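Just below is one structure, and these are the notes that go with it.
In this document, chain identifiers A, B, C and D correspond to the written order of the chains, with residue numbering beginning at 1 in each.
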Amino acid sequence: MMQETISFTPQLAASPITGLLWLIPAVPMVASGVIALLKQPRRKISATLAIGSLSFSLLLSLVAFGHVLAGWAHGAAVRETVNFTWIQAGTSHVDLGWVLDPLSAVMLVMVTLVGLLIFIYSVGYMEHDENFTRFFCFMSLFAGAMLGVVIANSLLLLFIGWELVGLTSYLLIGFWYQKPAAAAAAKKAFLTTRIGDIFFLLGIVWLFSQTGTLLFYNDGAGTLEAAALAGLLAQPAALGLTAAGAIGLLIFCGAAGKSGQLPLHVWLPDAMEGPTPVSALIHAATMVAAGVYLIARVYPLMQAGALAGGTTTALTVVTWVGASTAVFAALIAVAQNDIKRILAYSTISQLGYMMAGLGMGGVAVGMFHLITHAFFKALLFLGAGSVIHGCHGEQDVRKMGGLRADMPLTFLTYAIGMLALCGFPIFFSGFWSKDGILEAAQHWSVAKTPFYLLVFGALLTAFYMTRQVGYVFFGFWRGGKPAHESPAVMTLPLVILALFAMGLGLIGTPAWPWFRAFLESRTVGFDWHGFAEPGLLALMGTSTLVVFLGLGLGWKLYGGQSPKPEEPDVLEQTAPLPWGWLRDRLYVDELYGVTVIAFYWWWARVADWLDRRVWGGAVAGVAWAFRGWAHFNRLLDTNWVDGGFDKGCEELASSGGLLSRVQTGRVQTYLRILALAVAALAAILIWSSRA
Amino acid sequence: MSFAFYLIAALTLAGGLAAVLLKNTVHCALALTVAFAGQALLFLDLDAQFAGFAQILVYIGAVAILVVFAILLTKGSETPKGGVYSKHWLAGLVIAAAVFSMLGWAVIWSVHAVPRGPVGTPAVTVLDIGNALMSRYVLPLEIVALLLTAAMIGAVIIAMHEKERAK
Amino acid sequence: MTERLDLIFVLIQQWLVGFLPGAWRPAAGVVLSVVAIVCLFPALFALTTVFERKGLARIQNRIGPNRVGPLGILQPIADGIKSLTKEDIVPLSADAVVHFLAPVLLVVAVFMGFAVLPMGRNMALVDMDAGLLFFFAIGASTELSVFMAGWSSRNKYSLLGAMRAVAQMISYEVPLLLSSVAVVMITGSLSLTKIVAAQNQYTWGLPHWYIFTPWGLAGFLMYAIAATAETNRSPFDLPEGESELVAGYHTEYSGFKFALFFLGEYLAMFSISGLGTTLFLGGWSAPLQILGWVPSWIWFFSKLMLSIFVFIWLRGTLPRLRQDQLMNFAWKFVLPLTLLNLMVAAAWRFLGDGWERWVICSAVVVIAYTGMAWAGMRHGHFGPRSYRYAE
Amino acid sequence: MNPLAGFLLVAALLFSIGLAGALTRRNAILVLIGIELMLNAANLNLIAFWRYGPHPEALTGMMFAIFSIAVAAAEAAVGLGLVIHLHRHAHTTDLDAMNRMRG
């Protein structure tokens, strides 16, 4: 017998802040619900609600972060969970819960902080949009869902948040649904990520069938804890994989879909059809990073069975996919002209770096790049938004130019973001986080190719960013109406993000690997000898060299010159053929067009034919048979049955005439009959009970 | 059977009879309130204080006023031409008498079969009633609340004057 | 000595009853109390009429009655004699029986309300378990007498006045009841003596009157508004608006019957003030602990007279409302706020004894009042509006 | 006489009076008045059974009567609303005159 109950009794005595952790996603969600009920003209209230709720979440996240920090300072690895049973069906039950540990604490602070800044920025950016309240409704919903993903202690809760995040992404990409391109992009994003999600769901179901729980941590009974992992390792799957490895790969498919890894990256560039703050928040800083976060979250599962210093099949796949995505996307970015599209490919590329970092260096390496990237990529997108805003909606870099004079603040912050992304040495966070990944790649035991791929990617990154900045901010103005600087509500978040883009590198230098120690709950001290590790300085030198090479190459080709929009690109003049390939995004979309979509087209034709010919024919045959039977019946009816019925109906009509005399339409007649009937009934009852 | 009971019963029945028999509709309504008041007194005689006061509050304070309003709104206080009784008044009277004889017979025949409760006044306070309403009878209470809301909306909609929109 | 003074009426009653044989004593005690009430309140009524006329005169910069007796103190006696000796006119087409019954029913019903009011320590005529319900049940039947008066007079002004009065009384009875229910929720009893006993406690020498709580203050305001309307006093005196309806439902009454109506209205004012005093102002309890030696009935009647003074003050100050404003005010402002007040009272009950309940309840009440007032002003619910004639 | 029987007989009489009124009067409002009397008689029965029944502390009859009073109030409101509507529609409250089944 099915028995469904919802009991909300936490199983563990957790600290007060962990008990209240659910408020962090809940408050923006509630705000979203309230905003959904508001009318469109209520701009101020909706923006206030969204920003206020997220500020509250930020505050709580900071408290949670402080709690974890305090625990760490006392030498304890903080991992507090609150679990509860969601569905109880017979003896088996599905549990949900949330967890507070260094990983989720860091992500909470990042998501709420970046989110808050982007919300504030949106007030300025979306100022003239008629669907202002709808925008903030979706954004708040997104923030809530994303925070839900972050605090989830259950693969199921994570998946719920994951799908909600996908939904809001769909809604926001198609925010200007009047534009056909936006509507198509939204559908594309939704369907493409769904492919990954199906595999992810398969992995979840498999995991549940193997371990009977979806909780990550549950006092030794969670899926990420030793007992369950040992069980998974003992279970062989196909192709020489263990169950743990196979599930890990399935989960990685979901992550690849969401994080735009090869070959499911095609939706992300098109997603730039959405408003720019959306691109910044969802498609650069947070949602696409959710895939990386997912891998980091289930890292024990991915790593299960690895020997000391070794790696697993799952992690190897992650590494290869990440490294090739990094180079692949960076190559395409070189030949793009849309300011946001360049950034989108750059995001894909950087996500590849993170994946590779996770695969080769562990959670800390990947996560560090995730955090720094979130800040500088949000900065770049918001800067791009500011540029677009200032250029009256123009997105083509060839039609800009010389903006450093018109938009000084935007230029300054954009330059900081760009240098951070390129990995300009010492002062910018990107340098340190990318360096961590390169170092891990250098020491990887399986192969050296990823290292070379990533170094090449770094060179390309520096090159295409220089190209973009050269086009946009240097040279002379090639557009129509002169550009103007954006209002303070937009530039202020830029400045704050720029500060973070520079300063965040300090917490992850080899001399003071604070971030890594925090995630792994080790003690840390400041030590110059961190730089003295063999090969490290050489590596840093290499990467610096590569960056300068990229910057210099870019500056040489694009700096200060301002080709007309109609003129072919400098590179196109030298090598038109590969340039064409790159401009057309290496034909991945077309490949899908001739393979997947063509197959579906063909299959739809087949199904259509089947429907028309086979099933339709069968149905038509049956219909014919029934029609024949019906004709036969009609003959019978008209000759035999009707006569009898007519006779009966005449009888009924005459008796109905008798009865209709009672139906006078007078209420009191009815009442009278009713009363008589009651009296008679009472008499019968009493009489019968007497006997 | 105390003297008070006979007095109150007589008052109630007289009020009821007057409500049914009088010619002027408003007088009928006023006689009806007398019957309601007598009924409330009967409740008090039965130690049902709460029900008695509720009876006064609801019936005299609301239902009687409603009836009076309805009479005035339908101009019902004027005596109609064809008399106040319907054509088939004799049939109605006979049926009512039949029902009464049936009920009276049933009461007299079966009342001794009812098991007797404890002698003396039952100690029921308003607090007990409140507790019962909030625990055992909470579902009926909610349903009645819903019903009252529905009835209120329904009555308003039925009686609302549909104005033709001239604009 | 102070205790004796406190219980002086109870003692006098017992002393008087002591002369009778034992079997008659309970009945005689009740009769004595009834006689006391029936004598006391008309006397108070006489005093109040002159007080009101004097007070209104002060407000309007006049002198007021000053011919009969010193400073016009004996004016009510002269008025009484006048109305008793006047001719009792019954209109020819009037329904004589109903015309006669209406004022009698009014006065009887109003007098019955006093039975449950605790006018001092141990000074409630009947300590009924459902006292508050009794009070409202009896109060509801006064509407009927108003209707009877208006209808039986066969005068269109009387009928219009009566219909207005009944509609108004029904409309304002709802918030009146609801604001009292808040008190019942907190006290957990419908018995008025228990309600007073619950308020007769002191912290730091200050009383626990319900008016000193957020929900109590809000409830008292609503109660005062509804009570003013329920007794057809200015600014809600439309049913008797002499400029529109001559004198409302008692246009066709003269002489003693008119005096009865007059008496009935004032008695209703007394009883509703007495109930307000009992529910929100601590009944007969002293305002400060150190004043506890003053006899309890003095406190009750002082508070009663204070309320009467406020009634008079309002009458002298505020202009009359329009019918649509009156109804809108009842259903769109007073009723929602009393409903909210119920929730605030419930929150108060379940938030425990800490300071949080003060903060939360006060905040809710203040926000609701300012919000409603703001919205009302903004959408013009209380502002000027074109008049829709009765159809 | 058994006290319960007294109350029951009074209730039966009241019920029959109400029924007679509902059956013989022409005015729709008077029919409603008759029905109100019948409801009251039923309530009296409930209270009487509660008072003289075996378990007065269970409050069953009392509760039934209280709910019945509440429902009767709703019934009166809707019924009178209908009568007013009918009057507006047919310009009469005479039930004998209202025998058309169509509007």
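Everything below uses one rule, namely that a residue touches a chain if its C-beta (ideal position, glycine included) is under 8 Å from a C-beta of that chain, and two chains touch if they have at least 3 such contacts.
As the structure is a prediction and not an experimental result, all values here were calculated from the model.
Novice: Could you say which chain's mean Cα position falls nearest to the mean Cα position of the entire protein shown?
Specialist: Smallest offset from the overall C-alpha mean is found for A.
Novice: For chain A and chain C, let me know how many angstrom lie between their CA-based centres, rounded off.
Specialist: 66
Novice: Based only on mean CA positions, could you tell me how far chain B sits from chain D in angstrom?
Specialist: 5
Novice: For chain C and chain D, what's the span in angstrom between their mean Cα positions?
Specialist: Distance between chain centres, rounded to whole Å: 34 Å.
Novice: Specify, in ascending order, the residues of chain B that touch 2 or more different other chains.
Specialist: Where chain B meets two or more other chains at a single residue, that happens at 50, 54, 62, 69, 86, 88, 91-92, 95-96, 99, 103, 161.
Novice: Where does chain C touch two or more other chains at once, residue-wise?
Specialist: none
Novice: Do you know which chain D residues sit against two or more other chains?
Specialist: Touching at least two other chains: 19, 22-23, 95-96.
Novice: Applying that definition of touch, give me each pair of chains that meets it.
Specialist: By the stated definition, chains touch in these pairs: A-B, A-D, B-C, B-D.
Novice: Which of the residues in chain D end up touching chain A in this complex?
Specialist: Spelled out, the residues of chain D in touch with chain A are 19, 22-23, 28, 31, 95-96, 98-101.
Novice: Under the definition above, what is the set of chain A residues touching chain D in their complex?
Specialist: Interface residues on chain A, with respect to chain D: 663-668, 671-672, 675.
Novice: Which positions of chain D touch chain B when the two form their complex?
Specialist: 1-10, 12-27, 29-30, 32-34, 36-37, 40, 43-44, 47-57, 59, 62-63, 65-67, 69-78, 80-85, 87-88, 93-96
Novice: Once bound in the complex, which stretches of chain C touch chain B?
Specialist: 95, 98, 128-130, 133-134, 136-141, 143-144, 147-148, 151, 159, 163, 166, 170, 173, 188-191, 391
Novice: Taking the touch rule as given, give the residues of chain B at its contact with chain A in the complex, in rising order.
Specialist: 86, 88, 91-92, 95-96, 98-99, 102-103, 105-106, 109-110
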